[in-house]
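For reference, the structures are reproduced in the following blocks.
Both complexes below contain subunit A, partnered by subunit B and then by subunit C.
Right after this comes the complex of A and B.
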């Protein structure tokens, strides 16, 4: 008896230790992520927030990026943006200073925010249009057959294609073959097709969650298939579709590789709506936040002058994407706990 | 009777509207069906366009390789190989010296004494590298000759192509206006091949001098150093013994030996060099990039698999309900962190931290520490692990949760405790699901671009595996990284441009294969639970 008792105590101990290891592994992952959020959050908020009203660094959010000039003047270290530097030169005529320039490190990120917003809106409209339509076909019309199997296999595999391959594809098809060049519309199509599998899967899941009885009732009353879908299926599936699609927005906004050579410019002086012709709007490259972060973290050195724009843009970008993701997760958790049928 | 309409007038109208309605319904169905086909079309288009842009690579690369031989670049590279060997031996000598200095510094020997003790060795080393002077001179002379010839041949080929194109489009007179200069390849090559004789005399000189030098090599002050030095001597003798073989190779080398077509493919798939925009010769070998991608993924998975699977087991079996409700969304939340932000974090924080850790006293016992590059395989692997954990976690947790309750209950009923149930029942039952989760994690990691582009160090070289585990602290370049970095700068239609598309195609194939495997495992998992 004592042997079994000590044995069981040992087993208990081993179990306890292993469970603690599992617990530690889990919390280690959470701690790593938290550290990233805190590091970028704290260092980035130094750029984005100010200690005086309005507490938000408005110029950083509303100005285009500029080159920063750093120089010594009368024993003081001066760091001026391009525009300030030119003004300073006018105010101090005759003074020669040796200024070293650091690209992108002054000014703000307004054009990048605008560009990312435009890219997200366009590609999501595209992806939602195609995605919901395909999901309706797959869940409402299709019968199992070789073609539908092919479609499903394609969707599964498309979901695993690396984003850089989508970039290459978009470059080959839209930029070169269609001759759209580096443009907003090429970016829309590339990003839209990239999130398509996620949107289709999410939409189909929501459509299938609508009880069969709702369809049958409608059909029994003499409604046609399309009437049934439009009046009795889509309205109930739509919240679910949109909720799951928000995560797609986070992905579209967060990807850099597909837009690197299809839509993004490192620097552009005009804002997207400053075009002479309407059609030019679609065929212009834009600045985008993720690409801007790539540029400022790899093309300029790491020092106290560049940290401002690096952490600032990373913070704004992370904040926006995480806000979108959080919305999606919260909405989904709520809809899960409020199962209506 | 008046209130009832004539049935004959009603029926045709109804059928007409019916028919219209049916047509509309059909059209709507066709519209949705067409949209459903988009996924298939896109997948097909991706394949087509990768091929379309990439396939010309093999022809262009073959021409590139043929020019390499015809212009005698290959010939010069045989000699250059020997010069490089000599240089690497010289470098090895300075490494031996560095090690020796470190050993003596540890014994607190003052610097003057160290230098005095190593003076004969230094003399030997400088004498050794001096012997190669003529060899280097020869290489640089021949390099100039060969590149001049290559330039001429290349220019001629361009003009010929231009003329042919004009002729084909019917512009005879304009075609005739293009003067294609004759290149006296035979004479140029003959001049180049005078190098054989020069090489022979140079190598005879080197051999004589070095054997002489080796005979009077100084002894090292320290036995470990002596051992390294002896190893070096064997290598040096091997190098000397190889010189006659090189002369032989030079003598038998012929610029007109044909290069078979498959060399273009094999030099891409098995080539160990990726050299572009070089004045000498471009090489497009995918091996360094592939090795880089694979190493980074292995490091990432070694970190992510234990963490991901452990947290999946924890959340699905051990955690309380409150913990579950917090942890699951949080890990999903992690998966939404944009990769470029992770990459930036790697540059700004992780790289420094890894290097600082390698310099600390705590890790003094590790032979390959301290590391010199802060951006390396390990840095990128750590960050990629954080991207792979959510994927592995979510899918493994799903698989564990989908094990039927009966399995667990039966196990408890037989007297098993929780740990036994987890280890012997739940994990085996969901194993194929977990494996497919790991495979999908691998797919995500190997296709990830921004993190490796920013954090893997971007040095195109196969890591030095002689350092053992130290290899994972060396910088590499990856398949995704090279596309992202070089695509923006290449000339459209050039060999380099097409090579990048080929790399994309390889990447695409690898991810499709991984995806296929993952689906296979999921199918098995469904069956096993039945």
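Right after this comes the complex of A and C.
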């Protein structure tokens, strides 16, 4: 065998092994993702869907969490929610049962969905307002100097701060120092700050993607700088800004750490709009999906009855995040086809 | 023929005071749309790109800037409507540019107003991602014109001036991006004309166009000079010869020669000009 032939065989062998490693790495990711989605999908759909019309477990989506009571009655195992249990006791007067209670494991997650939605809307309005403004300043007005470089480094660093640190910061500043207590508004500011770097970076990129020729063309027609930005830059950057922001929404909706000290309650009976004064609306804590999942998974004793709410919540949560991501993709594709230069 | 000043009265009454020719009692020779460049030095940071430029650009004529790449002709053109303000380190280090006798770099001059009077057509056609109508109406709306009939009139007149009306009159409300390259460039010219400038600067307006589209734009330039002062930067010597009245030849940031186009092309005064024109360098 000649030297070149053996060399070529070695090259092929190395290539074959490496490709198999790459392939296995990809399959591994696929397997993990499939397992997670299947596990949550199968176990969660047992909670969310029913075998009888309307096939969706409406109470799970519309009721607040309740305590589950489990007891033996005439040889039958009964599992009743708080409300059902009280009714049952009325229907069976004089019956004494030894019921064990399991917190949060009956009823639904409606207050958590509402709380998460409110947290997302408020924090995104804040983050978009501040983020787009500073992106306009950075990309359109500022001149590159030491100060601007410092600002950029600060933004990059802010993006790398762990979310629990944002939570502690929000707790220290908004909850304690400003005296807002655990409240929606403290959560808005904490979450808003957390996504701000992502929004600024995405907005700046979208603004820079608008061709310089459009700015020059507008300025050459006697438009002021602000008119140019307002009429001939921002409208074309907006789809990109919103697309990236929707991915920011997924992050805001998903984070537990920033809200556990600042905005989230483990349990609250009233819905957010059931307040006596309008101003109380902003200064009330809310339930939130990720925090609820955390609570039912780690703060209560685990047994066969807790799985229902855990997987159900995770399933609904996953579904909502997927919905947001899907919206972002559709928006992006639609704006791409409309604007092309 | 209606004068430009009268037309601007029709279309945008708010702009009239700014666009009307300013009689200058001290200097009766000042003519509407004339440009005087005096001892101009210009630098990007420490890199000096224009040296001691002295040039009087006559009104209502076509003046071509020619010269090899990097000779500063585009930079000089962009000085005339202060487009170089957009570049951080760029500045005029010496000398002045006067339009109708007024130094355009004086602190009292509003750059927004200057750019309305000195329109520009760019090398790469840059229609806005809007309808043809909205492209042309853009400058008027920016200037505060809201009356629909006025805008309609101005759009039609500008598109006619740019020899584009017949090709687009049935699809005014479709995107300007749907036009061909040559049509896009004429749309940009129409857009510039809509705000009734006195001077139109053109930075290699035909460099991306095919010969037929180029011929149309050149024909347009020859027509426009009846109303506008036109300054055109071009790499194409034949183009300068075909459509300009005066030609300025630049080399390495200096103005080598400025004369009637026929004189420059038949009997240039400088050896460098002759060598460039005959294709021996550049």
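Just so we're on the same page, the second predicted complex is superposed on the first by the 326 of 341 C-alpha atoms of A that agree within 3 Å, B and C clash if a C-alpha of one lies under 4 Å from a C-alpha of the other, contacts with A are read in each partner's own complex, and residues count from 1 in each chain.
We take it that a contact is a pair of C-beta atoms (placed from the backbone, for glycine too) under 8 Å apart; a residue touches a chain by one contact, two chains touch by 3 or more.
Computed from a prediction, not measured in an experiment: that's the story for all the values here.
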{"item": "Touching partner for A:162 - first (subunit B), second (subunit C), both, neither", "value": "first"}
{"item": "Partner, of subunit C and subunit B, that touches more residues belonging to subunit A", "value": "B"}
{"item": "Contacts of A:232 with subunit B and subunit C, given as first, second, both or neither", "value": "second"}
{"item": "Touched partner set for A:224, first subunit B, second subunit C, both or neither", "value": "both"}
{"item": "Contacts of A:112 with subunit B and subunit C, given as first, second, both or neither", "value": "neither"}
{"item": "Which superposed partner A:259 touches (first subunit B, second subunit C, both, neither)", "value": "neither"}
{"item": "Which superposed partner A:214 touches (first subunit B, second subunit C, both, neither)", "value": "second"}
{"item": "Subunit B versus subunit C as contact partner of A:144, first or second or both or neither", "value": "second"}
{"item": "First, second, both or neither for A:193, with subunit B first and subunit C second", "value": "first"}
{"item": "Residues of subunit A that lie at the interface with subunit B and also at the interface with subunit C", "value": "224"}
{"item": "Subunit A to subunit C touching residues, read off their complex", "value": "143-144, 211, 213-224, 227, 231-232, 236, 339-341"}
{"item": "Residues of subunit B touching subunit A in the complex", "value": "21, 24-25, 28-29, 31-33, 35-40, 42-43, 45-46, 49-50, 52-53, 306-308, 310-311, 313-315, 318-319, 327, 329-334, 336-345, 347-349, 386, 389, 393, 417-419, 440, 443, 446-450, 453-454, 480, 483-484, 487-488, 492, 500-501, 504, 507-508, 511-512, 514-516, 518-519"}
{"item": "Touch list for subunit C against partner subunit A, complex", "value": "81, 83, 86, 88, 112-113, 115-117, 119-120, 122, 124, 126, 128-129, 138-139, 141-143, 177, 188, 191-192, 195"}
{"item": "Subunit B partner contacts - residues on subunit A that touch it in the complex", "value": "11-12, 14-15, 18-19, 21-23, 25-26, 28-30, 32-33, 36, 39-40, 129-130, 133-134, 136-138, 140-142, 150-151, 154-169, 171-173, 176-177, 193, 196-197, 200, 224-226, 247, 250-251, 253-257, 260-261, 290-291, 293-294, 297-298, 302, 310-311, 314, 317-318, 321-322, 324-326, 329, 333"}
